[in-house]
Structures are given as structure tokens and as C-alpha cells.
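Chain IDs A, B, C and D follow the sequence of writing; residue 1 opens each chain.
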Amino acid sequence: MIAVLKQGTDQQQIDSLIEWFHSQGLRTNLSQGDEVTIIGLIGDTTKVDADLVESLDIVESVKRITEPFKRANRKFHPDSTVVEVGDAKVKFGAGNFQIIAGPCSVESREQILTVARAVKAAGATLLRGGAFKPRTSPYDFQGMKAEGLELLLEAKKETGLPIVSELMSAENIPLFENVDVIQVGARNFQNFELLKELGELRKPILLKRGIAGTLKELLMSAEYIMAGGNDQIILCERGIRTYETATRNTLDISAVPMLHEMTHLPVIIDPSHATGMARLVEPMSLAAAACGADGLIIEVHNDPQHAKCDGAQSLTPEQFNVLATKVCKVREAVA
Amino acid sequence: MIAVLKQGTDQQQIDSLIEWFHSQGLRTNLSQGDEVTIIGLIGDTTKVDADLVESLDIVESVKRITEPFKRANRKFHPDSTVVEVGDAKVKFGAGNFQIIAGPCSVESREQILTVARAVKAAGATLLRGGAFKPRTSPYDFQGMKAEGLELLLEAKKETGLPIVSELMSAENIPLFENVDVIQVGARNFQNFELLKELGELRKPILLKRGIAGTLKELLMSAEYIMAGGNDQIILCERGIRTYETATRNTLDISAVPMLHEMTHLPVIIDPSHATGMARLVEPMSLAAAACGADGLIIEVHNDPQHAKCDGAQSLTPEQFNVLATKVCKVREAVA
Amino acid sequence: MIAVLKQGTDQQQIDSLIEWFHSQGLRTNLSQGDEVTIIGLIGDTTKVDADLVESLDIVESVKRITEPFKRANRKFHPDSTVVEVGDAKVKFGAGNFQIIAGPCSVESREQILTVARAVKAAGATLLRGGAFKPRTSPYDFQGMKAEGLELLLEAKKETGLPIVSELMSAENIPLFENVDVIQVGARNFQNFELLKELGELRKPILLKRGIAGTLKELLMSAEYIMAGGNDQIILCERGIRTYETATRNTLDISAVPMLHEMTHLPVIIDPSHATGMARLVEPMSLAAAACGADGLIIEVHNDPQHAKCDGAQSLTPEQFNVLATKVCKVREAVA
Amino acid sequence: MIAVLKQGTDQQQIDSLIEWFHSQGLRTNLSQGDEVTIIGLIGDTTKVDADLVESLDIVESVKRITEPFKRANRKFHPDSTVVEVGDAKVKFGAGNFQIIAGPCSVESREQILTVARAVKAAGATLLRGGAFKPRTSPYDFQGMKAEGLELLLEAKKETGLPIVSELMSAENIPLFENVDVIQVGARNFQNFELLKELGELRKPILLKRGIAGTLKELLMSAEYIMAGGNDQIILCERGIRTYETATRNTLDISAVPMLHEMTHLPVIIDPSHATGMARLVEPMSLAAAACGADGLIIEVHNDPQHAKCDGAQSLTPEQFNVLATKVCKVREAVA
């Protein structure tokens, strides 16, 4: 951490500030330039409140040099983490690529079984399905809840696909015992109480980036889970909120290589939520595969026009089949 | 709701779509123009999935005409809601203006009592203090929790100021029994499970806008609480995330008159979090008072340079005193 | 265009508004619902000021149904435009893909010739080089100007590569007579006076999206050029400004398929400016190729560490060579 | 400027980098910490390309300590600049507050004279009126151009109000000889060729912030004008582009105190363009006056419903009169 002092600060004030830093167990390095005087802080600065130092009368600005995330940081863990899911040990990361597919929400036994069989046949290696649904309106369908999870488990049993489902409240964790990957949705990505509880589990977590979350914040949220001892985390970029309204969100595709540089955790793309339009899902999936994503999560519905949610962004099984084939080809091309 | 059809749609397809709308209990109005054909939907369209209709082959676009929020909507409740807090019935809205002040977090008995007395003397009418703190880093101070609430209650008893504190998880609701206003923070503004639980209470809720929440989404979140029967909601604009980095967030000051138009609920401003800098808190408070806000929530600390959080944006009691006096003058000027 | 009327509007006011629309040469269609009354306008509504109608006392909101761009609109020109550049008729669009490469700015004869030869050898089909440079600071290198253009022309003569260079002011148009493609930079994308002048030329224009330009605005700017009779336009997505600071801008990769739907003009990607980091240029180029872009424009410098501008985002010729080979493979995979 | 080196950099590489900095006339200060090694650069670092240094193999990141703007920087010019306009020497800044009012565009002699008289009577001290109009669509009214300027001058002669009008192209500068303040619109705020030409004039410039311009960029654009010797600049915040669509733009009200801290130049607010809605203009004007703005620029039209542009955001003279009275009261309250 670097503290830049205001012009005109006298030596006594500088000495006093340096003494204060020393009292916090830090060493300092003083650099006095023509226009600016800088104090470099050496030691563990993660506990220092940068905003507070910046508010001191003689301080002009403070700049952090080291990132506040440790466990998620590639600097301290150069090797890529491989997250293994389910009994079949389906792998994400370090060259392992998976496609998660399934409906936005579980609607009925027939629906989830039909879709599960179809996406498996087309090449999906995990099944997704929402049982607890975060909806902007209290008047919209809120999911089948426990019953939905039961149906998902039935689909898992029949097809052998590990399952992914979203958790919205810590009190429902017991219901997710046999769910293979617990998803944290974009709206809960800074629900820290929930993240802490997930840190206690020993089960892979699919952590979605918040709609206005920075990459650093995403890694700090991963850090919350990892601080509890659970380091099986799959990060997911799902579109961010910008001024552009032609698409529902803006897919931040550069998050893939950028996150790969910042962290050792696997990174997947959700093109369905990023664009909100079924016809953009394929091109965005191909882009993700081309630039090194570790996987995709895609909404597929047997009858999108009658889906209870997100029908507009859901592919039919046939469309998904075409997509999966093309994704394979692109992955071979960049291998 | 309006469905605009694609060019070249034939009459049979139009008839079939109209029939489908009728089967959903809606009436329709067909308008065939030179370039576009439009079907207007008449009746209760809140249950219609606009995205889904838009994804139909013959539909070019869909536009909602009526807002999806009902209980929070001023159209259906023209009179401004007055939220009354505590036994003293401190009022927000319809011309009633209040200043909530206090530290970011409760740190000790002495600290909270000192600040409580000071802000009361300066004109604050409610006391704020965090006991459960949402922190970006798992390694930062997470609040005094239950003990912090106890100290807040002690400060309330001594000063008579009603208290406001943030709740992060529904399981802690019992601890908030004697807290006068429960705050929902920006990061939880779409934690729908939490909002539903708050709808069951009969206690005022201070609902902060999410860092990237639209005004409509804020009202939909209020709607979640109101749908449960609790209509004692104070909305709070606290800065939104934009590309500008000179200030921590960008205070959306036009949200005050805009929300007053959209909803009957009171609207207050949090200049401390909006700017992140103590020296900007006064000018932003004056701006808020000038444009019709129903109150302010301001961070005040007896010793900002040693605060455990948000010291950089906290005022001293002396600074707060000056601010409160000026705010009064501005309110008189616009009365 | 649709005008939604306020509740409680009486029949006389409605009749009077309808009469006013008729006086403007429009036909109307009235739809009276339970909660809302809507007037649909039929005819040429491009001249109607939507904001003005919306400000009328009895009008609640106005929604445009048809896009304000005509010549750039795919609806009226279903076939993709092929832009042909130079005597060699290098083609962009409708399946034709080109890579433009070269330095941010022309710095010397040796530099531009070295780079030109290298990028040609690696597979670039056009040469870029800045002679007039838009720099945020007036104290930064502003380009070699006319002399830079001369050197570019020399490189064109030797290598046969058509050249692309940025124009910042209409008064310099005569200097660009032998430049094959005139580039309009992000900062000038709504410099309407300049766009009008370019509409008078019969030369391809590379139009970059503004840093906060919507896709609609980009097409309106193209419309300015096309309205003058010049329809040889190549659109370029080069990153937009968002809240995320990990990358310089956020590459809006979904603009590729979205623009292909909205317009018949070719769309290329500039991964260098979008990310600002050389090491992200390759993955973003592969993503662009995978999702159907019609080309790339990439900064290449023989000695990035001594470049006069944008060294941080420039590839070496060797890196560019690797990139070009991979891009080819991805294009084959998605063909 | 500070260069943070990557972990594992050996001493020889460090020495070589230090030597390179010395060769550029800079002195250095080396700080070697537990986890990071930092080189501080001392001397004139404005010419150093931070991005380039950051791209070096051994450099992790680079942070600028001093701002790149000098002439506009309050650090080097602590006293507030007072901009004096016209023969009457109407003053902006250092406590001097002015209201500029008038129509979006000059439409006819009668219109501009009527509005000029009305706004003068209501307390406006300058008259605005557009003759050259930047319109998103090439098919919209583009202004009366030279004829419009003539009519403005006539209104100036009759009322004595100094006039403000927008310039879109340097070639029209001669037409603006008798215009008192030349406005640079948001879309041209980084039209550097135009800014350079304005630097040659000795006439006040009203420089609007770009729709996605940072405060630093705004000051760099002011620096372009000042570098030419013209330091009579009035800065104008007019709303920025964010994700929120309830208002046309988001008024960044905190830009007022923030700019006052960063620069000595006066800062005014344009509430008309910021919100796009006439009914929000008054509350935003009061907010601006309360937080210390040096003036306002407001659109007023004698017949908003028939205005050729921006009718929706224009006040009637009566509404403007009420606003001006309230603004006075707020200014007195905060004096």
C-alpha cells in the first residue's frame, strides 16, 4: 500500500504518520519527490483501511498494491484448480470443459425428464433446473421448491447426469444434500451470510457474478466461501448491466481470460442470461469456447413458448444439439 | 401490453395468435398499419410473460404499457404514505422530514452513547448503527452482532431516539424485535427470501436501492414486502454504480422527484455511501433537502480516524451539527 | 408509434389529440382498454417528435414501434452489404472476413515498412496506421499528420495492402484521397458535421462505435453517412465504457450477432482498444471469429515497448502471426 | 508515478529498468517489501506512457500519482477563476451565480425575441439558443444556422443579454464573432481538433461534459483549450449515461463539489438535458443551487408543445419564473 501525501506537509506530520504506521506493525519506505512525497507500507496491509488513511488531513490518496483476495489468487496458487462434480467426477478447469444444460425451472416430472434425456443425448454433461426461483415480481411463478428438487433427483437417477440447482436461503441447505452443485445466483453474489454457510459445505459451488459486480468483487465473494474451507468453486460470467439495452445484459467475454489471469478457479459462461435471446445463445457459446472458457450453462426447454420462465432465452433440444456440435469443433480448433 | 408483429405475417398466423391471447382471458385490439401490425392486449396483463411473447416467430417486439408494481404505485394510491416510527411516531413523508444519524457500526458502549447524544443534540431524530455488517472482504470486521444491538437499545433508552439497524439474514429477525426500523442494505435489495419474511412483520423497513438497481426494480422489491401486508416502507437512494470513479458511487439525485412521481412511499438520501467522502456529505445533503427528499441517513462518528469501518465518509459530531443547521435553512427556503 | 393516454382523459381531449395527429398526415387507431387507452399512429412517423408527444398533458408515454434508421436497416435491405476496398477489391461482409493490422501511429518510414511487411507475411489483408491521433492529453504525441500519410502510402505501394487511417477533421479530407478506408474514431462517432462530409465521398468508411454509444446510435451515425449517398460502411465494435475497470473497456461481443440482425452492413471487432492489453487480444480475436464477425482490426508494432502510443496493447509481429493462424482455424470450424 | 514489479524479478532486471528510467531524465526510489518491490519515479512524469511501462514483462502495475492536467488543476491555481462574459462583464465563479435560459433552437424572430424578453424579466442573465443543432437523426431539424445566429444577435441587442450558442465545426468560428460564449456540446467534448481551435480564441467557452466522460477527461479537454492560451472556460455537467432509463440521463450532482475540489474553473448544471423532463428541471435546479453550482443553463420555450426540438424538457416562461425565484431563495439559504 502506498500513501501519497499532500503538498506542503511538514516533516513533523510525516514523522507522526510514519510512527502511526509502525504502531500497526508495518514497516515504511519514504520517497520524497519534487511534487509528491510517498510512504510505501511494507508488511501485511490487508487489515489497513485504505479509505480511512485517505481521509487523513495530510494524505492525498492511497493506492493498494496487493489484491485483497488471497485464497482465490493465482499468484499464490499458480496451478489451475480442477473442480470435480458428483460420483462421476465430472471435471471443470485446467482444460476440462463441460456443458450444463436444462430448463430455467423444473415444471413437471415429464418436462424435466424429457429435457434431461434430450440434453444428455446432445452432449450435455450436467443437468440444470431451478426449484427455487428469484423473480423480480412477487406475482411471478416462484418455483416448485422441494418438489422440484425431488424431480431433479429423479432425472439425475435416470440419466446419470449430475445436477445443478440454485439455493436462495441458507435454511434450505438440507434440501440440497443430493444436489451435486449448488448455484448462487447473481442477486445473491454478495449475500455474505449465505456465502459463509456455503463455506462450511464440502460441495462444489457455482458462483455467478452479480449484475454489477466487478471481477475483484466476484473473487472476494469466492474468498468468503474459501475462507470457510470450501475451495470447490466454479465462477460464472452471466452478463453485466450497462447502458446498452439492445440485449438484456452485456456479456463481458473478456472476463474469461482476465479471470484466468487473476485466479486459479474455473470460469464458465451463461450465454442465456447474458443476452436474454435464444438466437444469440449459439454465437455467444462459440465465442466462449474460442476464448478459453471452462464450460457453459445453457437454458434448454422442450417447449420454450410455454415455459413458465425465461422461455425467450431457452433453446429447443434440437437447437442445443446443433450448438453442442459446433462448440466441439471450435474447441478442437483452439486446442 | 402491445405486441408488434413482423412484416409479412399472414392473416392466419395473426388470427391464431389472437385466439391464443383470448384463451388467456384477454381481449385484443388489432391495428394494421402500412409497415406494422399491432395487437393491443386488454385486461390483466401482469401474468403475461412479455419475453415469451416476444420470442414467438411472428412477433417483432412487445411493449408493456402498465407498470408491474401495483401496491407501491402512486397511480393507485395518489396520497403520499406517511411512515410512523417508534412510540414517538416520528414521521417520514408527505412533508415530514427526518435525519437519521449515527456510526457505520456499533463499536462499544461508550462510542454509541457518545455519538447518540451528540447527534440528538445536533437535531437528528433517529439513531443508526450497524450490528451486522456486510463487508466485501471476509477478513474485515463483521460487526458486534447481538451485542451491538443491545448497545443500540441502551442508546435508544437513554436518548429516546428510535433506532435503525441493518438485517442481513431472516434468521436474526427475533433479535430485531425492539429495533424500530429494519434496514435492508443495497446488496440484499433483491434477496427475495428476506423481503418475503419482512413482509410478514408490522414494522417500518428502510429499503436501500441496489448498487445497480433501477427505480422500477426498487419498487418491485418494495412490492415484495407490501405483498406480504407490510406497507411501512422508506425507500433510500444511496448512489449507483457508473463508469465514474472520482466518487465511490454516483448519487442519482433525480431519483427523488422521479420516485415521488412513481410511488407514494417516502424517499430519503444516503449521501455518505453515495459519495464515500466526508467532505461531499454536506453539499449532497443540501441538494437532497432542496429537491424534496423526505429525509437523510448520515454516518457520524466521534472519532472517524479510528472508526472500524467507513471512517473516510463519517462526519464528526461538529460537522454534522453544521450540516443539520444548513439543511434546516434550505428546507425553509423551499417550503 | 403508440401514444398511451393517462387515466381519466375524457373523450373530447382524445378526439382533439386524434385530430392533431390527422393534421400531421397520420392515420390513427384507437384502443380503449380497462386501464389504458392507446392511440396507434399509422403512416410515416419518423418526423414525429416522440418526446414532445409524451410531454402533452394527457399522454402517459409514447413508444416507437419502427426504428428511426432506414438505409442501414436490414428490414429494408435483407441482403448483406459487401464493402469492397481498394483496387484489389478486398471484401468485407456476407462471409468475407479480413484482418486489418498495423501500428497505432506511423512513427517513421522504417517502422511502418517493417510492420507492413510483417503483417502482410502473417496474413493481414489491410494495413492500418494513425497519422492524426486523438489523444486525451494535449501534451501527448499528436501524430505525424500529412507526413505520416505519405509514409503509409509508401507502405501501400510496396506491399500492395490497402490502407486504413483515421480522419479527425473534415478540412483534411483532401489529404486522404489515396487512403483506401477512412476511419472515424470512437470520439467522433457523433461528430455529425464530419459524418455529413463523409457522406459526400465515394470511399469506404470504417465507423467505430462511441465509447458509450448504443447500437441504435451507431446505426443512426451510419445513417448520416448513407443519407449523403455513401453506403460503403464498415461498423466496428471497440469496447464500451462500463463500471468494470479490470479491462480498459468492455468488449460487447454480442454486438456482432445483434448488429447482423439489425443491419446489412459488415461488422468488425477491435480487440486492441476494447481490452487495452496485448495478452487479451488473441482470445478476444478468436471469440470474434467464432461468433461471426466480418473482420478484425489489430494493433501490431515491431517494438511495442518503444511505441509512441498504445504500446501496451500492441502485438509483436510474431504474436500476430500466431493469432492469425488460430483465427483461420476457428473460422474453418464455424464455416 | 509508481511501478510495482512482479514477484520473482531478479536484481539485474530491476537495475536495468531503473537505468532506463534514468535515461528518461527521471530519478527513482526503490522500495523492496515482503511481497512487492516498487519503483517510485521522481521528476516530470507527464511524458511517461503508463500503459507502456505496465506492459513490460517484469512490471505488475503502474499507478499515476499526479494528475495529467496542469492548467486546469486547482493545486497549481488555488484561487477560483472568475469568467467574465460580454461587455457587461457578467461573472461566473467564486461566488458569482448566473442563469442562462432560452430555447433549444432558434426557430423564428418572434420566437427568440419573445423568449428573450420573458427570461430576462424572470431573472435570466444570459440568453441561450441553438443555431447549429447536433441531432441523432440526419432527418431531424438541423437548426437555422447563420440566420439563427443573426436572430440571436438581434435578441441580444434588444435585451442586452449576452448570448450563448453551440459551435459544431471549426470552420464556422467566423460566424460566432459576436456570440459571447461558445458552447461545446457533449458529443464534441473530445473533438480535439475543435478544442485546439477554441484555444486560439480569447472568448469564454462553455464546455459540456461528454455523456460518458469522466471528470478527469472533462478537465483534460479543458486543458486542450487552455494549452492554447484561452483560460475562460465554464464547465457544465449535463447528465451522464448510466443503466437507469427512468430519466434520459443521470444528473451527476456530486460533480459540482468534486470539480470544485479538482479545478479552479466555474461549474454549472444543465438540468434540462440531464433529465429530459420539464417537470424535473425545477427540483434539479434547486439541488444544484444548494450544493454550490456556479450557475444553470435551462431550456425555456414560449410554446413547448410546438418546439422544433426538446419540447419535452422545455419550461414555459411562467414555470421558469417560479424556478428562478426559488433558486434565489435557496442561494440565500446557503450563502
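Keep in mind that, in the parts below, a contact is a pair of C-beta atoms (placed from the backbone, for glycine too) under 8 Å apart; a residue touches a chain by one contact, two chains touch by 3 or more.
On a predicted model such as this, the values are computed, not experimentally measured, just so you know.
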Co-neighbours of subunit C and subunit B - touch as defined: A, D
Most distant chain from subunit B by Cα centroid: C
For subunit C paired with subunit D, centre-to-centre distance based on mean C-alpha positions, whole Å: 26
Approximate Å spacing (C-alpha centroids) for the pair subunit B, subunit D: 31
Junction residues of subunit D, two or more chains touched: 212, 241-243, 245
In the complex with subunit A, residue positions of subunit C that touch it: 212, 214-216, 240, 242-247, 250-258, 261-262, 274-275, 279-280, 283-284, 286-292, 326, 329-330, 332-334
Subunit A residues within the subunit B interface of the complex: 46-47, 49, 51-52, 54-56, 68, 134-139, 168-171, 187-188, 190-194, 196, 210-212, 217, 220, 223-224, 227, 241, 276-278, 304-305, 307, 309-313
Subunit A to subunit D touching residues, read off their complex: 2, 4, 7, 27, 29, 31, 33-36, 38, 40-43, 61, 63, 65-66, 75, 212, 241-243, 245
